[in-house]
Every structure is written in C-alpha cells, then in structure tokens.
Amino acid sequence: MELFVFVVAAAMVLGGALGVVTRSNPVHAAMSLVLTLFGIAVMFVSHNAHFLAAVQVIVYAGAIVVLFLFVIMLLGVDKAEDLSVEPITNQRPLAAIIGVGISAIVIAAIVSSRAGLGASGEGVDKTTLESPDANIRQLARVIFSDNVFAFELTSVLLLVAVIGTVVMARKTKAVGTGK
Amino acid sequence: MSDLVWLIPALPLGGFLLILLFGRILGEPRAGILATAMTASSFVVTVGVYLDLLSRTAEERHHVITLFSWLPVGTLHIDMALLADPLSITMALFVTGIGSLIHLYSIGYMHGDPKFSKFFLYLNLFVFSMLMLVLGENLLVTFLGWEGVGACSYFLISFWHTRDSAATAGKKAFVTNRVGDWGMMVAMFLAFSAVGTLSYEGINAAADGGKIAAVTATGIAMMLFVGACGKSAQLPLYIWLPDAMEGPTPVSALIHAATMVTSGVFLLTRMAPVLHASYPWAGDVIATVGALTALFAATIAVAQTDIKKVLAYSTVSQLGFMFLAIGSGAYVAAIFHMVTHAFFKALLFLGSGSVIHGMHHEQDMRKMGALRKLMPITGFTFIIGWLAIAGIPPFAGFWSKDEVLLYAFANNRLLWLMGVVTALLTAYYMTRQVIMVFFGEARWNDHAEENGAHGDHTPHESPWTMVTPLVVLAGLSIVGGAMQLPFSKSTHFLEHWLEPVVHHSEVSIADTWAYSNKWLLLVVAILIAVSGVVASIAVYAKGKFKIIEPKILADAWRYDSAVSAIVGGPGRAAFGGVAAFDAKIVDGAVNGIGTEVRAASGLLRKVQSGLVRSYAFVIGLGAVVLLAWFLLRGIL
Amino acid sequence: MVFAATLDGPSIPWVELIPILSLLAGTCFLLLVGSLVPTWPRRGYAWVTGISTTIAIVANAVKWNNLYYNKGETFFADVIAIDRFSVLASITICLAVIFGALMMSAYLVRMNADGPEMYALLLTSAIGALVMVAANELIVLFLGLEILSLSLYLLAASNRDREQSQESGLKYFILGGFSSAFFLYGVALIFGSTGSTKISEIGEALSGNISIANTDAILLVGIGMLLVGLGFKVSAAPFHVWTPDVYEGAPTPVTAFMASVGKVAAFAALIRILAVGLEQRVDDWRPVVWALAILTVFTGSILAVVQTNVKRMLAYSSISHAGFILVGVEAAGHVGSDGVATSMNYLAIYTVLVMGSFAIVLALSGNTDGETNLSDFKGLAKRRPALALAFTVLLFAQAGVPLTAGFVSKFAVIKSSVEANSYVLAIAAMVAAVIGAYLYLRIAVSMWLEEPASDSEISVDPAVVIVIAISVAATLIVGFFPELLLHATRLARFAPL
Amino acid sequence: MHASFPILSALILLPILGAVLITIVSNKYLELVKVIAMVFSVGVGGMSIWLLASFKSADSGFQYVSQHDWVTSWGISWHLGVDGVSLFLVVLTGILFPLVILGVDPHHDHKRYLAWLLLLEAGVMGSFLSLDLFLFFIFFEIVLVPMYFLIGGWGYDKRVYAATKFFLYTMLGSAFMLVGIIATAVLARRDIGYLTFDLVTIAEQASFATNTGRWLFVSFAIAFAVKVPIFPLHTWLPDAHTQAPTGGSVILAGVLLKMGTYGFLRFGLYLFPAAAVWAKPVLLTLAVIGIIYGAIAATMQTDLKRLVAYSSVAHLGFIVLGIFAITSQSLTGSVMQMVNHGISTGALFLLVGMIYERRHTREIAELRGIQSVAPIFSAAFMIVMLSSIGVPGLNGFAGEFLILIGSFQSARWWTIVAATGVILAALYLLWAYQRVFHGEPDEANSTFAEMTLREGALIMVFIGLIGFTGVYPKPMLERIEPSVDKLVEHVVSHSDYKAPTTPKIVAEPHGEKAGE
Amino acid sequence: MSFMLSVVQPTSTWYLVLSAVLFGIGTIGVMVRRNPLIMFMCIELMLNAVNLSFVALSSQIANIDGQVVVFFVLVVAAAEVVVGLGIIVSIMRRRTSLTVDDMSGLKG
C-alpha cells in the first residue's frame, strides 16, 4: 500500500516538476506546479505530517499558485515561451549536468549514509483514530515553545512582504528631476 | 726639509685652486705665470728634499709623513700619507722639473687660446695628481694620483672639445686607462687580503720576508702589470696613446711622454719586491710584452707622417723598453731609461710643438722640410733629441738604452734581439723624421695658399718662453747619461741612489756572460744605432733606396681599427642586445604580467554576461564542485 | 493522551531583544504614522530611523559593557545567542543603518521621493541582519536571512524609474531564491545527520556527545550546501556573479547598505556556523574556505582591472574584500587562532570604508543616480578637492595603504592567517591586493591627474557629508590607533563556547 | 636641545605637521606655503645635522631611542633609534629634502607638491628610524603614496604609466614582506614568549629553524630587491626616474632606493643572519649582474635621465655586493655608498633636470656642445659625473673602493667581475658627456643658458659634500663602523659564517729590513 | 505482484532520493527557463524538495523539528512569492513581453 502511494505520489511530483520545466505556456507550468505540490502533500500524509499536508494544499496550491496565475493573467504574459531555441550556447546540456550532478551527489550521500540516520528526537506522534490531532498538538507545542522566536519572526517577514507590495505597487510620483 | 714633502704636491694644488677661483680674473698670461711659479716652487722644494735625503745614510733615506687617516675601516688603515725616498724623489724631481719647463713653454704655446687659464688649471691639477702618484705612501694614494692623472689626461686630450676627434680621443684614453685601473684595483684587493695593508712598506716588507705566497705575489704583480699596461700604453692597451696626440702639444710632452705614461714603470719598480717574490714567469711576461710593444710600435713609427704620431709611437716603443728592463729585473735601468727618455722625449715633443706652432698648426711632415734655417733653435735642440733617442753616444739615450739591452741580454737573448731591432728602427725613423722636418726641400710652400688665410704663412721661430725649455732639455739630453755610467761600479750613481728601494729585487748579472762582455754589447748597440741613422739618411736624404712605408704600418697594423671595429660592431651590437633584452624581455615580462592580468580580466568578464541564467549556472557549477569535494571527503 | 499538557514556553528575554524591538518599533512607527500623517517634516523619516537605530546601538553598547566579564549566553530556548561576537556585529550593523539612512535621505530628497517605506525596509533588513548575527538556530538564521534578503531585493528594485535598478532587483531576487534553496537543503541534510538545527547543538553532536554514525556524507554535503548559500550572500567566488550587476544597478545608498549590512550579517552567520557548529569538522571545511578565499580575492581584483563604472569597480573590490574576510575565516579554523576576531575587525572596518566610498559615489551620481562612470570622476580634485581627498583616503584604505583602517584590517587577517600557518593563502591574498590596488589607482588617477570633463557645480547633501566625514575620520583614527578597535574585536566570543 | 627631547619622533612628525599646515593654508597665500615648506624642511635638516653632531661615534648600539606602546595587542611599539647604519641616511634625507624644496620648483600647484614632499620626507625618515617591524613596514609602504602622486602629478608625458608601475611593483614586493613580517613575529613568539614586532627583541632573542629563516628572509628580500632594485626586478626604476619631476627623481634616487639596501642590512642581515649567509651567493651574483647589466643598459640609452637611472641599477649593485659580502669594510662601504650615491646621483638628476628646463628634451641626440656655451654648468656636471664614475678623491670612490676591497675578502671572484663595472661606468658616462657637452653646439644648443646663481648654490652643496666625503671620509667611517662591526659579529655568532680575517703582518721598520 | 508490494516498503531513503531528484529538476528549471515567473516556480520546486526532505528526515530520525521547519519554510515561501511577484509585476508593467535574457543591461 505504502509503495503504491509512494509510486503514485512520486509520479505526480516528478511529472509536475517536469511539466514546470518543460511546459512552454506559463499557465500550464503553474498547473504542473500544482500537481507537484499535491504529490508532496500526499507524501507529507504518508509521513504523518497531516498538518503540513493541509497547509501545503491551502497555502501553496491554494494561495501561491493562484497568485502566480493571477499575475500571469494580470500581466497578460500567458503567451507561450518559445522553448525550441536557446539563446545561450550550451546552456541546456550544462544545466542538465548541473542538475543531474547535484541530484547525484545528494543521492550518493544519502545512500552512503542512510544506515546512520538513526532516531535522535522524542519521536513524531502518529495521528491515530484516538488522537486525530496528535500531529497538530505536537507541532503546536514545539512551535510555540522552542520555536516561538522564529514564529514571531515570521511576522516581520510578512511585514516585509506588506511593505514590499506597497513599494512595488505604489504609483510612481511624478519625479521632476528624474528621467 | 723632508717634513716639507707635503708642500711638493700642495703647491700645484694651490695653483689649481687659485686658478679655479680666480682664473678668469687672472687671465692671460698671469694664470700661466702663476701655474708655472707654483710648479717651479714645487721643484725647488723637491730639490730641497732631495738634498736632505742625500745628506742621510742610505738606510735613512725613507721618510713618511702622514697627513691624515683616509680610509680607516676595521683592519684596513689607509692614511693619506706621503713617502719621500730615493725613488719617489727621483720621480718628483723630473715631474716638477720637466713640469715647470712645460708650464713655461705652454705660456707661449697657448698664447691667444680663449681657454688659456683653464689649460693651466688642468696642468697644475695634473702635476698635483702626478706627484700624489709618485709620492704616495701606499697603493691607494698612488691610485688617487693614478686616477687623477687619468682624469687630467682626459681633460687635456679633449681640451679642444669642439673637435669631435679630440673629444673621442679623450674618452678613449680614459676608458682604456680604466681597464688598467681595474687591474690595479684587483692588485690592491689581493695585496690587502694577503698582507692586510696597502702601504708599500708593509707589502714590500712582507714580500721581502717571504710572507706572501708566490702565487699571490704573482697575482698582485700581474694585476699591477695590467694596470701599468693601461697607463703606460703597452700592448694590448696602448691604443689610446697615439690618439692622445689630439691634445695640445705641451700636454703630449708632459703627460704622454715624460710623466704619466711612465707611472706604470714607476709602480712596478715601487712594488719590485712583490715582483721578485713572484713566479719567474711573471717577469718573463712583463719583459716579453715590453719587448713586443717596443718592436711593434717602432715598426709603426716608421710609416707615420704626422709629426706627433711618430713621437707617440716612439713613446710607446720606448716604454716597451722600460718594461723589458723591469721584466728582466733591471729596475735601475728602467728608471734610468725613464728619466733620460723624459728628457729627450719631452724635448722632441716640445720641439715638434714649436714646429707645429711655427707651421701654423700643420702637423703633416710631408708638408714640412728645411725648417732648420727658419727655426734654428728648435732645429738644433730637436737634433740633439734625435741623437739622444737614436742611441748615439754620448747622448743620454745611448747610456740608458744600452743598460736596458745589457740586462735583456742577460735575461733572454731573443728579447734582446727584439730590443736591438727596435733600436735600429728607432734610429731609422727618428732620422727619417728629422730629415723630413728640418732638411731637404721646403714643401710647405706648396701649401701656402691653403694657409693663406692665416696671413703670415712663413714658418717662424717660437718665442722665448717656448725656446728656453727646449734648450734646457737639450742640455739634459746631452748630459743625462751621466747619472749612470757603465764604466765602473762607482759611476753607477743612480743605482746607488736607488739602492734602498730596489736592491733586494734588482737582478744581479755580475757573473753572467753578458756582464763580462758588456763592452762588446756596447759596440753592437752603437753599430746598430749608426746603421739605423745611415740607412735612413740613405733612404730619405740621399734617395738611394726606395722609401718603404707599407700601408699596413701606417695603419698601425690595423690593430686600432680592428679594436674599433669590434667595439663599434659586435661590441655595440651586444650592448644593444642587452638593452633590447632589458626593454623587451625583462621589462616586457613585467608589462606582460600587466597585459595578462588585463586579458584574464577580459576573459573573466565574459562570465559576467549579465544573464541571470548563466549566473545560476555558475553558481550551480560552483555548488557541484564544492559538493563533490565534500561528498568525496564523506565517502572516502 | 495528554490533553491538558501545559505549554512550557521559554521565558522571553525582553532586555536582550531591545535592539530588534527598537528597530521593529521604528518600522511600525514609520509605516503607521507615515500612512496617517501625509506630510512629515523634512528628513523626518530619517530621524525616526536614526533614533530607533540609536536606541539599538545604546542597548547593544550597554550589553557590551555587561558582557565585558562574561562572554554571553543563549536565550529563547537557545535560538538566540547574545554574546560579544553578536553584539559587536550588531553595533556594526546599526552603524551601517544610520549611515544608510543618512544616504537614503540624501538620495530620496534629491529624487524628490521621500517616503517612509524605504526607511522601513532599511529597518526590517537590519532586523534580519541582527537576527542573523545572533541566531543560534539554523531556522532562525534562515528567517533572518530571508527578512534581510527580501528587504534588500525590494530596496534594490525600488527605483522604478531606472531600468537598471529593476534589473538588479530581479536578478538579485531570482538568484537569491536559488541560493536560499541550497542553504535550506543544507539545513535539512545537517538536521538529518545531527538531529538538530541549533548551531551549538550541532557542535555538541559532532563532538561526540550524541552518537551519529556513518552520516559523514550527508553531513558534509549539507555543509557544502550551507556554504553555497552563505557563499552567495557574502559574494564569495564563484557565487559572486550577482554582485557587480546588483551593486551597479541598485540605488547607491542601497548598494552601500547591501555591501555592508548584507556582508556583515552573512559573514557573522557563516563564522558562527563554522566556528561553533562545525568546529569538529574543521578539516573538512577549511580547505574549501581556503579555495573560496583565493578564488574570491583574485576574482574580485582581476575583474576590477578593466571596469569603467566606479560603482561596479567598488562592487568588485567588495568581492575582493570578501575574499580577505574569508582568509580570516579560514584562519578561524585553526586551534588558538584569532581568525574570528580579525574577521570581525575586517567587517567593521570594511563597513566604514564601503559606506564612505559609496557616499562619495552618491554625492557625484547626479539626479539620475547614474553618473557613476569613471569619466564622471575626472578632475574631481579640481572641482571638489576635499571630496577627492576624502575619496582618495578611502580608496587607499581599501587598497591597504598603511596608517588607514584598511591596512589594519588587512594586517589583522593576514596575521591570523599566518598564525594559522596558511602562508600560501596569506601571500596569495596580498598579491591579489596588489592587483586590486590598480583599481583604486585608476580612480585616483581620474580624480587627481585628469582634467575635469565638466565644471558643473557639485552640490553635496549635508547628510552625505556627515557620512563621508565620519567614515574618513574613522578610517584615519583607526589607522593611527588600531588598538581602539582591536581591543574590542579581540574580545569577540561565542556564547555557548 | 635637551637630551630627553624626542628628536627622532620630531624628525618624523615635523614634516607631517608641515604638510598638514600646507594643506590647510588657503590657495591665496602661495608664498606662505613655500615659507612653511622651507621652514619645516630646513628645520628637519637642521635637526638631522644636530643629530649627526651629537651622535656618539664609538657607540655601536642604537641612540636616541624612543619607545612607546602603540598597538599593545599585537606587541607593536613606536620604537625609534638611530645607529651608525641609519645615521647618515637620516642626515642625507634631512639635507636632500630642503635642497629639493629650495632648489627645484614644480611647474604648477606648489601647494600640493610641497605637501606631498613633506609627507614623503616623513615616510622616508620613519623607514630609516623604525626599530619595529610593523612601524617600518608602515613607513616603507606609506612612502609609495606621496611618490605616486609626485610622479603622477608633476611628471612628464608617460607619468601615469610610470607612477602606476612604480606603485604596483613596489607594493607587490611589500606584499611578500608583510607576510614575512607577520610570520617573523609570530614564529619568534615561541622564543620570546609574547608577541612582539620589535626588531631588536626578535633579532637578539629569537632563532628560527634553518628553513623557516630562509623563507622569511626570502619574503623580506623580495620587497627589498624590488626597492633597491636588484636585477631582474629593476624595470620600474627607469620609468619612474625618467617620468618623475626633477625633485622626485632626486629624492627617488637619493633616498628612496636606499630603503631597499638599508632594509637588507637592518632586516636581512640583522634578523636572519644564517639565511642571509645562505642567500649570499645568489644575491652576490644578482648584484654583480646588476652592476654589469645596468652599466651596459645605461650605455645604450638615448634618454639622458634614463641613462642615469640605469646607472643607479649598477651603483646599487655595488651596494648590494658590499652588503652580502659581509665584511667590515664592505658593509661600511655600502652604508657610505648609499649616501654617496644619494648625493651624486641626486646631483646628476638635478643637472639633467636643469638641462630639461632649458632645452625641453632629454634626448642625448638633441643635445650637443653645451660645454662651449655653458662651461660652469659643464664643469659641475663633470665633477658630479666623476664622482659617479668613482674617481678617487671624490666620494663615489671611497665607498666603492671599500665595498670592493671588503668584498674581495669573502667573495673574491664576484668582486673581480664587479670591479669591471668601473670600466663600464666610465664608458657610459663619458660617452654621454661627450655627446651632450662636447662638439660644436648646434643652433638649438647655442643659446643654452649658463647656470644661474640659485642653481649654482644648490649644486655647490652637492659638490661640497662630494669633495669633502671623498677627501676626508673618516668622520663618516668612524660613526658607521662600530655599528657595522656589531652587525658582522651578530652574523658571525648566529650563523656558520666566518668573517674573513686579514693577516696582521706588521710592516717592519725600514731600517731593520736591510739586515736580511 | 502483491508479494512485491507487501515486501518492498518505501523507506525514508526513497523519499530523500525523490527530493534530491526534484531539487535537481528545480535547478535545471532555473537555468533553462526564461520567463521569470516560471523560474520562480522552479525555485518553489526546489523549496518543496527541501520540504520533502525535512519531513522524510523528521520521521526517519523521529524528530518533529523537521516538520516545524517545513512550516516556517512555507511562510517564507509565501512571503517570497509576494515580494517576488511584486518585483516582477512592477517590471512587467513597463515591458510586457519579457524574458530574463532581456535583462542583461548590467554586465561585464
């Protein structure tokens, strides 16, 4: 069963990822991204990260990708990108080498040291029928105790995002001396 | 009186300084008179010192006065000190004596020259330097004078510096002398490292005491000889001397005949104990070079047409004689010949100067002739000089030359033979010169038009200032031989006088075949001289034989031109090569690094293409390399 | 099944957070009051920024004083380390913020675009930087990094009238995100192998307190990923590629700010990670830092040789400086080395130099902020001798000429390097410094030895004058009396150690 | 002057003060600027002469030492002192600067020119007086800045190229030295117990492992070799000399190059005696190559100033030869020759500068027959030239001779080759003299102006020094020698080097000799 | 087949490998795509790969911190998107058809 889930989810993830990289139309790419995000959400579930899976779907698929699509539509840049030409010489083979190289290195590292990845923490609470909120409770406890500073910091991060929107979206003043 | 030795060089130095400061105010002829007076006073002092020394016993004829400590560093103690001993005073006597005469002569000769006072400035400086050379207590003080006379020689040769040939000749003299100076410096270094001092007394005592190894002594001697070759114009460094005739004639007389060029002889005599302590072949080398030079220069003199050039080559030749003597161990003979040569060669040069003066600066003998009537005193004195140099008894040259040949015979008969041939040639070419200048027909009329602009083109006798020295020198040339007469031991005045200086080193020929047959050799010498004179008369006066003046001899065996060709051709090319190497390779490498950095910069710039995706690639590449390294560290 | 589990939150060290809170308060004040009160007094925003930063500095200074006999401790469940190192870095950053605010005010006044947002971004980025320098936890560090970076992306792109500004913002953003991903991946892998994201705990884990067998590869690749991410932020070659473009395109005050604050924060984080967390793995990372240092010093100095834009030149020079700091970092990998202190010293001095230099560029950059070509500096000595002299001092300081702070900084890192026996690195760095000097000479030649291209009046905003004056004075004072700064940086220590 | 007056510090700080004052003075009062420069430079010159006068000649150690903590965390102190090795360089610096300031006017912008010159003076003084490695490096390096601006700002057509080359080349050399200095201090800490950059402490208390010492020495040697400059690192010099303004050339040749040779003495031999002995053959060889090579290259130059510049390469080769021969005489000679070269080459540059002023060319081919129109000028040139050639009785000879005779004791064959340099020196200088001064002046040269009173007075100072030192060097030698001997002893006791001993054969009195 | 399914259980390593591949694809995407929006999506792919790793590691080493990290990464990603899209929008408003290759005015 787990294998089945893995295979399906992996297919979604990889298929989506390849779609993002290869689809010339930005809208299609965005949709492929959604596919990947869902696949990952599935994998989160299979790792007992139910809360994250939910957030993944809501925030990523729900908000972020929508934002992408919104911008694509807003700017009217949904024209397909011509992927048949590559202006930079050898960029694609080189990119492939880099991508494959990084993957290969990480995989090699993982494979060579997988046996050593032993338990180090108190364990991840499994969500069961008895405690359907085990994961959320555990996460909440950790986030609001040890990681409360980080949590608070995210507010600053979002504040930056807000200011950023203002700065970037505000109407340009008629600058007399500027160009 | 000996304590006043310092006055001997000080007086000309004073003259130099006075003229330096007030030369322009003094002007002609006062500057000349001042200079002459200074040199003459110096002569007087020298005579005083001489008399003082004479009054002492032989052992006490040695007086050092230290003026101040010059270069004291560690074990090296060099004092500015003067040494009065028979040798130095002998030298000082004729330097100041002949120097005074030539100063006097110059007053007349340089009359009207715009740089009149400057001439005397240099002359006084020269006399000072020469006196330092001969009076120096150590090698370095001598070297001070040695270089000083070199510099003065340079100034005086290029005195008429607007003439390119004069300027070149001056430079040539200085540089060639420097080659010799190198030898002298190395000799000093060797001496210091072997003995720990540069004072003559110390070195000679060490040499006499056998404290200098033969190899070191030979090294010192040979290096000194290199120095002497430069200054005394021996093969292969003689080339500057003929060119030095570009200077005013009194300069030729004073510097390039009587005094400076003999300093090499002086130096070797001064260092005779070291020479004595050397391997025997050192003396042979010196004698051989001397003999070769003598013969070589004599052959050249045979074909020269310039009145001064003949005398110049003759000087080179006679200096060769002196080295032949030194190489043979006959220091007294060398000094003897040096003194007599100073008399008659100065006389001849001054005489030629008088002729040139009278001929309105014409130096080509082919345009002279029959001058004895127009210039009687000059002619008469010149003839005395001729007889002296030709070796006709009883004139001075005869005695000294005979003495040299005697010792040469005892040493090496081949060298003696060369000496004899040289003597023959000397008599021959000097006779030729006298005939061409003073006898025969007057060829100067043919060229009168050329000199027309000069106004009075008839040769004339020179003023008294010029003639007086001629007369004095002629007198000395006649009687000079009396210093050292071979008749008996007691007539060896010079030998006795110099004995404290050279007696350890002087070779003894008392039990050789030559000594016992010295009268025979004397006769041979006379015959040789006479036959030379006769042959020349036959050729030039009587016209009985065809004149033989091969071009190659006129060109001095093309040695000088060969040297010039090498220096100016391959030598210059090599120098140019070094300069080009410096500009292209050494500096080129430096600039090349700059260029390479620029090129690298240009190349690296291509990475900064401005394309984000390329940047991502570069970052990715860096990441891959870096991660691969870490992975390998982790796996292996 | 503990429903009633109490939440044991950590106590909140309010006092230790004063600097960050002060800046945050300043940000909020600017934004709120800025939007409520449309017209502010001239330079009012700058004043607010300055005051909140000053409070932060004062708080830090007080902390420094308290820490004099005690190297510091960690707070907030060990995610924040308040120690001498972080306090020093914080002070440096806050100073840079004040300089930045001054330059920003001059810039905005000239562009006639004064508004609160830019200052707010300055403050938020400073918050990010302060978090980074004190972070003892990789996630907090990551958040700080992102706060800093996002603010900087926005600042870089903020001049929407200038294409270059936007281009630089976009480039910075894309590549920054790219590198952040690497950084994060590194955190993941290290988390996997050590079971922690706290720097000090990682250090303990690696020193053997917690058994971690056979995870070398994953740990090391994780370290590599971290180095890529931080290498990007400190612009170490070959991760420097963005630097010249972004520095050139961004508004000049932002460039100055990026070059200083960004670098100080990223280096502080890097040093803390390497020296505290990965101390046991020195043999693994030191050669890499060695190589990065050499590559960086040479890339920076060689590429600068042919540049024609002064801003770009300074960008390359900042890369070269980064290389020098890496020399210090490399030295920090040796037992008993004072590499940490000298790197900190370099950062502090570098901040002053770079601020002063860009302030002068700003003064000359004209109304479009674009007159930064070398030719625009021609004959400056004739037009504004004092400005030329100040720039010369700063440039020669950057070249490492003695009796300037720049020499002190270089001397210090080279000394650390030599003490760590990294002779080759030390020599290579010095050789690169010579190549780099050519760049400064070129600017000096332009200013002093060439005729001015125009004789138009150069008016310098008083705020900029203050920045220039302070940085030149500091450059010389530290140059003559290095002890003033050395004394402080020598004490730089990490909390848990 | 009171004994406790920190005269050495004043020698460094006064020029800086002067430079600052000049910078402050408004452009309107140009005359005041000149007065300030004059007062300060002459003041410093006077102080240096006072230093010379009150120097205790028998004392081989450092005198007038002043030491104050500076950067305590690195063990750096403001440590100044003067001994026989540095004394005359300080005096030379003190004399040369006022002469240049009084005697040579820049063509424009007096104010900055003078300010840079005074800063340069401070830097040079500092280099010669520092007894702390760090301090020395600071001065050694800071000198580049004023010199850079002097060449770049007041030089001739290729000035920027030359100035940049000078700056970067020299800086590259110092880069190695900086690492070397730090390494020296760090490694010496083991022996000393604490970190210090103090020269004396390190030299006397620390000992380096053989190879370490060699590496350290090499790092110093590179910097000094560039500064001297030693073949093949010399090519910045002709450019810098040629393009520099006259005053700059005088200072450059006069004192700046000496910083390299002085460095070899003070920091090469003193700090790393064993390594210096080890490097001896290489440096001797390079020195000899420099002598011959520099002379040959000088011969072929067409630019008079360039010729003099190359002659410096040759002359400094002699100095390096003397330093690395490590004998009492050669070292004393080297120290002396540093000063002598400063005087005579400085004077040569002044004279060449005067020629340029008059003719606006330095090309030998365009000059001719000047002696006819300007005999006094020519005479001055001649005297200076003879000093440069090394004619006895002038200063150049005394130093050169001591170097050679000393070197011969320990480096025989090198010396023999080096001595041929005296031939070449005569060749290139006389040839140049002939081409420039002899012959008939052509039209352009026939109006060559005679030396002015001011120029004459300036040159007379040089000629006076040339003559005095040549004839009576003893006062100089007796101040130099104790320190040099101490240095030789230091080298001997810290390495396997055996100083050559000259035999002590006492000359027997003349009278007894006859008894043999 | 069902035997296989029951025997071969995906371990964390599988997920880690998958995440590595996803990361690699993301990097390739950043390098080959010219549309800034899509490049940005590729960066999101990389972040997701990291998230996957965190979660997988979290369960592998039984440490909840990994999941906490993912939570923060999600927030960061959200903020980044806002800022990034803000920048892109402000640029694209001026120039409608735009690839990053066109933005290469700054170079050298």
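In this document, chain identifiers A, B, C, D and E correspond to the written order of the chains, with residue numbering beginning at 1 in each.
Operating definition for what follows: a contact is a pair of C-beta atoms (placed from the backbone, for glycine too) under 8 Å apart; a residue touches a chain by one contact, two chains touch by 3 or more.
Everything numeric in this text was worked out from a predicted model, so none of it was measured.
Novice: Starting at chain A, figure out the least number of steps needed to reach chain E through touching chains.
Specialist: The fewest steps needed to get from chain A to chain E is 1.
Novice: Enumerate, in label order, the chains that touch chain A and chain D alike.
Specialist: Both-contact set = B, C.
Novice: Chains in contact with chain A and with chain B: which ones?
Specialist: Common neighbours, chain A/chain B: C, E.
Novice: Between B-E and B-C, which chain pair shares more contacting C-beta pairs?
Specialist: More contacting C-beta pairs are found at B-C.
Novice: Centre of all protein Cα atoms: which chain's centre is nearest to it?
Specialist: Nearest to the common C-alpha centre lies chain D.
Novice: Using the average of all C-alpha atoms in each chain as its centre, how far is it in Å between chain B and chain D?
Specialist: 36
Novice: Where the CA atoms of chain C average out and where those of chain D average out, how many Å apart are those spots?
Specialist: Inter-chain centre distance comes to 44 Å.
Novice: Between chain D and chain E, what's the gap in Å when you average each chain's C-alpha atoms?
Specialist: 66
Novice: Approximately how many whole Å separate the CA-defined centres of chain C and chain E?
Specialist: Computed from C-alpha means, the inter-chain centre distance equals 27 Å.
Novice: Among all residues of chain A, which ones touch two or more of the remaining chains?
Specialist: Residues 88, 91, 94-95, 98-99, 101-102, 105-106, 108-110, 112-113, 117-118, 120-121, 147, 150, 154, 157, 160-161, 164, 167-168.
Novice: Indicate the residues of chain E shared as contacts by at least two other chains.
Specialist: Residues 16, 23, 26-27, 30-34, 39-40, 57, 60-61, 63, 65, 68, 72, 76, 79, 83, 86-88, 90, 100-101, 103-108 of chain E each touch two or more of the other chains.
Novice: Mind listing each pair of touching chains for me?
Specialist: So, checking each combination of chains, I get A-B, A-C, A-E, B-C, B-D, B-E, C-D, C-E as the touching pairs.
Novice: Where on chain C does chain A make contact in their complex?
Specialist: These residues of chain C touch chain A: 1, 5, 7-10, 12, 24, 27, 31, 76-77, 79-80, 110-113, 117-118, 120-121, 124, 127-128, 131, 137, 139-140, 143-144, 146-147, 150-151, 153-154, 157-158, 160-162, 185, 189, 192-196, 210-221, 367-368.
Novice: Name, in rising order, each residue of chain B that touches chain E in their complex.
Specialist: It comes out as residues 605, 608-613, 616-617, 620.
Novice: So in the complex, which bits of chain D are touching chain B?
Specialist: So the residues of chain D in touch with chain B come to 165, 169, 231-232, 234-236, 293, 296-297, 299-301, 327-329, 332-333, 369, 371-372, 375, 386, 391-393, 397-398, 401-402, 404-406, 408-409, 412, 415-416, 419-420, 422-423, 426-427, 430-431, 433-434, 437-440, 471-474, 477-478, 481, 485, 500-508, 510-511, 513-514, 516.
Novice: Under the stated contact criterion, what part of chain C meets chain E in this complex?
Specialist: The contact residues of chain C facing chain E are 139, 142-143, 146, 150, 153-154, 157, 160, 163-164, 166-171, 173-174, 177-178, 180-181, 184-185, 187-189, 191-192, 195-197, 244-246, 248-249, 306-307, 312.
Novice: Would you pull the chain A residues touching chain C in the complex into a rising list?
Specialist: Against chain C, chain A makes touches at 105-106, 108-110, 112-113, 115-118, 120-121, 130-131, 137, 141, 144-150, 153-154, 156-157, 159-161, 163-164, 166-168, 170, 172-173, 175-179.
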